[in-house]
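In what follows, a single structure is set out as structure tokens and then discussed.
By written order: A, B, C and D. Residues from 1 in each chain.
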């Protein structure tokens, strides 16, 4: 029994993965659009600082916004053209943020790209890390945490394991799956580069068992490299950082702690491939693979979009919809963000665009809790969502704090399982933000 | 011997629970059961007062009131009829004393208990325990244990009830039944459940 | 492929809500209906052994419970379609199963008012009731009408037409000596050929229902395990040391409402603890109180009382049992 | 007869003994009651609204006595009772102006773009989800968090926005803290002219989302005297230290009617139709 090799965490749910519509669609390259709206500040941490002015001519790959601080990332122009205006544009969270509107000149001409580092196997790790930072690479799985920060563990931290996250446990999404199938060499090479930067030799690639072909392919490609491919139980949220580390290594990341406290660094598959592009091909991160799917999408598929592509355009490329959507979600259905406008544009962490029609749209109710304990059973963090939710309803955030609400990873498993359709995840989020605000007020 | 003690303890805590079976001390039961922490404080106060009251009243009764003696040429004077009068005064002063001590040393607890500490003075539960000791023919030691166990029973009911009421606070109770009404109904159902213990000892 | 012409989506009335945007298929009505299905074998057994009068009692209880639910919602000025979630039907069924087949119709009505009115709607409806509604009714009736509630029907096999019911004793009412003297009692208890409440009679049917619930993962296994386990353990100890006090443990498991209580009543989601550990404590408490009442108390049956008392303890259990989050570490002392 | 006397004597003895014990205990465990605090509490309004920043009037009285706070901090006290408190404490109390809450958003459902929101029914929770259902990130979500926080029933939700009734508002400021959009501010009650918009975005962006937004045309700034209206970027505000008078509304002719009188804004059928 090979499967026993890896653990599986407590709790979790088994939603219908709905990946069939796009699983077999190979990645298509989106044609050049005439306009891109690139949001400034696509990463967690300090938002980047815009360095272009109105009317500036930019080349493809030219830096248009600079990292503002250590935990920040560079931003590059997706194509060549002119900066038409600096606007404010809603981001995936609904907040208005500055954005640079670039009108493409149609040539899609590279500026001065980086010098490719062909011999990365002998290059200094610091040089490679600098390249990752210069290329503006962030965690493309969802959090958009600047990658070079993750690769710079603090003094004294002992990193011995690198984990490449190819679990893609979110239903509907197949972008990472296609990346692994179509560019397996890049995944392996990227993992090796990351291993060199970190100086670790223990490298895992974690993939859920519903992507058997990807597991087989990568195992084949990884022969002789020492990289281990873990076929993991199909269980949401298998791809969550703490759960994946536990499944692969048996280590538990402490509450409120980072993976590096247990000697792990995790990277998403898409980011890993982006690192290969940056190091070996000298290209900054200006495009990403995104799954556009949903029952009502006429031609769903996996596309290589440039950063800054408006969602409306992306849907148009997929042949439009057969039925008006009631929900447009950036990201997967479990943790993605519902959008109120189609004007939002793709960012470095947009792994999917999901359209749900009227029929598929689930409504949250305000039915009372029947104490069935489904949420308790499914919570991968071993919390008590039902109690937290009741406490939040009566605004008792102190009670929620005692129930360790701060450890919630907002995976949504509790809301998924709740038969009374209570908005449990939102209650947890509310408690977390309220407690964070309280703490901030105390520090003042 | 063992059975006798079992009878007194289990009987006082469960079977003849002061609140749920004898319906004594309902006032603090309803008044201080809104949250668990005050209920715990009140339970402590009641346990203290009832044990002490049992000890003191039982001592006074066995030593002075229950035995016939000769006085001023009158034979076989039995002062048993004075017991209620004496008990009331003794208990009242006792509570007064407790309150003074609390005020001085535990002002927070005193504030939390509020009006209910003085109310123990006139509480039927405390007078009841003294009277039941006499009726049951308990010795001083038995009385003290009985008083302590009765108070434990009271505390048990109070704590159970306060946690229930905290839950009820979140319930969508119809307006007509909000507050004390629903508390009384809950108490009634609880009392029904405790009837299951009847005949246990 | 698509009937509708392809169109470009617009911004019109896009719903925003928090993630997750998909949900499991389980709903409250579905849970309720599954519990009802699991009760059906026991109901069928009751009707088989007690005849049509059992069917009459069950039907009346369900009908009255739904009616009272509707009426209470109406009087309270709230939405009146809550009976459609199936919880009132379930309560009615459970209430009927807790009655003898010989009860008059008005007992069903009073029971339904007690169950739905006093046990549930007065607290605000499903999800808010601290006590199991059906048990509130059963205990209320037992205290209010002891004569009627302790007159048990005895099985009249094959006479499906008869509405007249013979009355007799429930096995739990038998003394320890009588139990020891009767032949094949355990077997009869197992299949259900004994007097008693409609739903309690057939142990095998209840076990089937219980297994269905476990299979659908509708109940926490800790509750029946703790409940039955403690009853078996305690009665075994008492039976071994003082045989005159208690019958053997298997008798206690199959007789009376223990199985019905352990699988269907104690496991009521609303009134039992949320966590597994809490459920185990809850079940063991039920078992302890049941054994004590059965062995020492004046009532022959202690299941309903014990569950009600543990219902009252549930908030305390829920409060005192906290779970340590995944990766929890004790804070190091600085 | 002897028994009666005996009973009398015994009762007397018991009484005297107990009285002595209690008396001694009262002396031994005596606690000075704080008379000043009680007297001061009498003078305070007793609304326990918490507007002073202390949990209830009792704590506020304590803080006053220890000079940790000043009487002006009480938002509810009327000038005459303030004066009394000042006399009691022996401090001079400056007369202060009554303040009322102002919700700086006029984007009701008729003029502002909004999208259905499904989830927990309070503003703070809704603002976590795509910044709420309103198209404008800065707009009032209308889920009544402020209204529920108000103990004086002064905030009404009408047509998707919160509307303050200045006559009922006592200025405790509870609503200010609960608004996740920071829309509510306390303004002098005597000022009636306000700009009902809080979006710092460009006029074009705002107009796309809300027809009642302040587009920063500065007509009102020009029509008013110097310093009466302050313009900050694309947003104009009333200068509450030198406020304009109500004539300004007519003189300006605000194109989006974001400039309004609070007294008219709160009327049940406020004339706030905006021509398409």
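We take it that a residue touches a chain if its C-beta (ideal position, glycine included) is under 8 Å from a C-beta of that chain, and two chains touch if they have at least 3 such contacts.
Since the structure is predicted, the reported quantities are computational estimates derived from the model, not experimental observations.
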item	value
A-C compared against A-D, more contacting pairs	A-C
Separation of subunit A from subunit C, taking each centre as the mean of its C-alpha atoms, in whole Å	47
Between subunit A and subunit D, centroid-to-centroid distance (C-alpha), Å	42
Gap in Å, rounded to a whole number, between the CA centres of subunit D and subunit C	51
Gap in Å, rounded to a whole number, between the CA centres of subunit C and subunit B	35
Residue list for subunit A, restricted to those that touch at least two other chains	94, 337-341, 363-364, 368, 423, 426, 429
Where subunit D touches two or more other chains, by residue	115, 118-120, 125, 128-130, 132-133
Multi-chain contact residues (two or more partners), subunit B	170, 172
Touch-based graph of the chains, sorted into line, ring, star, complete or other	complete
Subunit B residues touching subunit C - in the complex, by the definition given at the top	36, 159-161, 163-164, 166-168, 170-174, 177, 182, 185-186, 189-190, 192-201
Complex contacts: residues of subunit B adjacent to subunit D	64, 71-74, 77, 79, 81-82, 85-86, 89-90, 93, 96-97, 100-101, 103-105, 107
Residue numbers on subunit C that touch subunit D, as the complex places them	11, 13-18
Residues on subunit D engaged by subunit A in the complex (per definition of touch)	115, 118-121, 124-125, 128-133, 135, 137, 201-202, 205
Contacting residues of subunit A [partner subunit D, same complex]	87-88, 90, 93-96, 337-341, 363-364, 366, 392, 423, 426-427, 429-430, 433-434
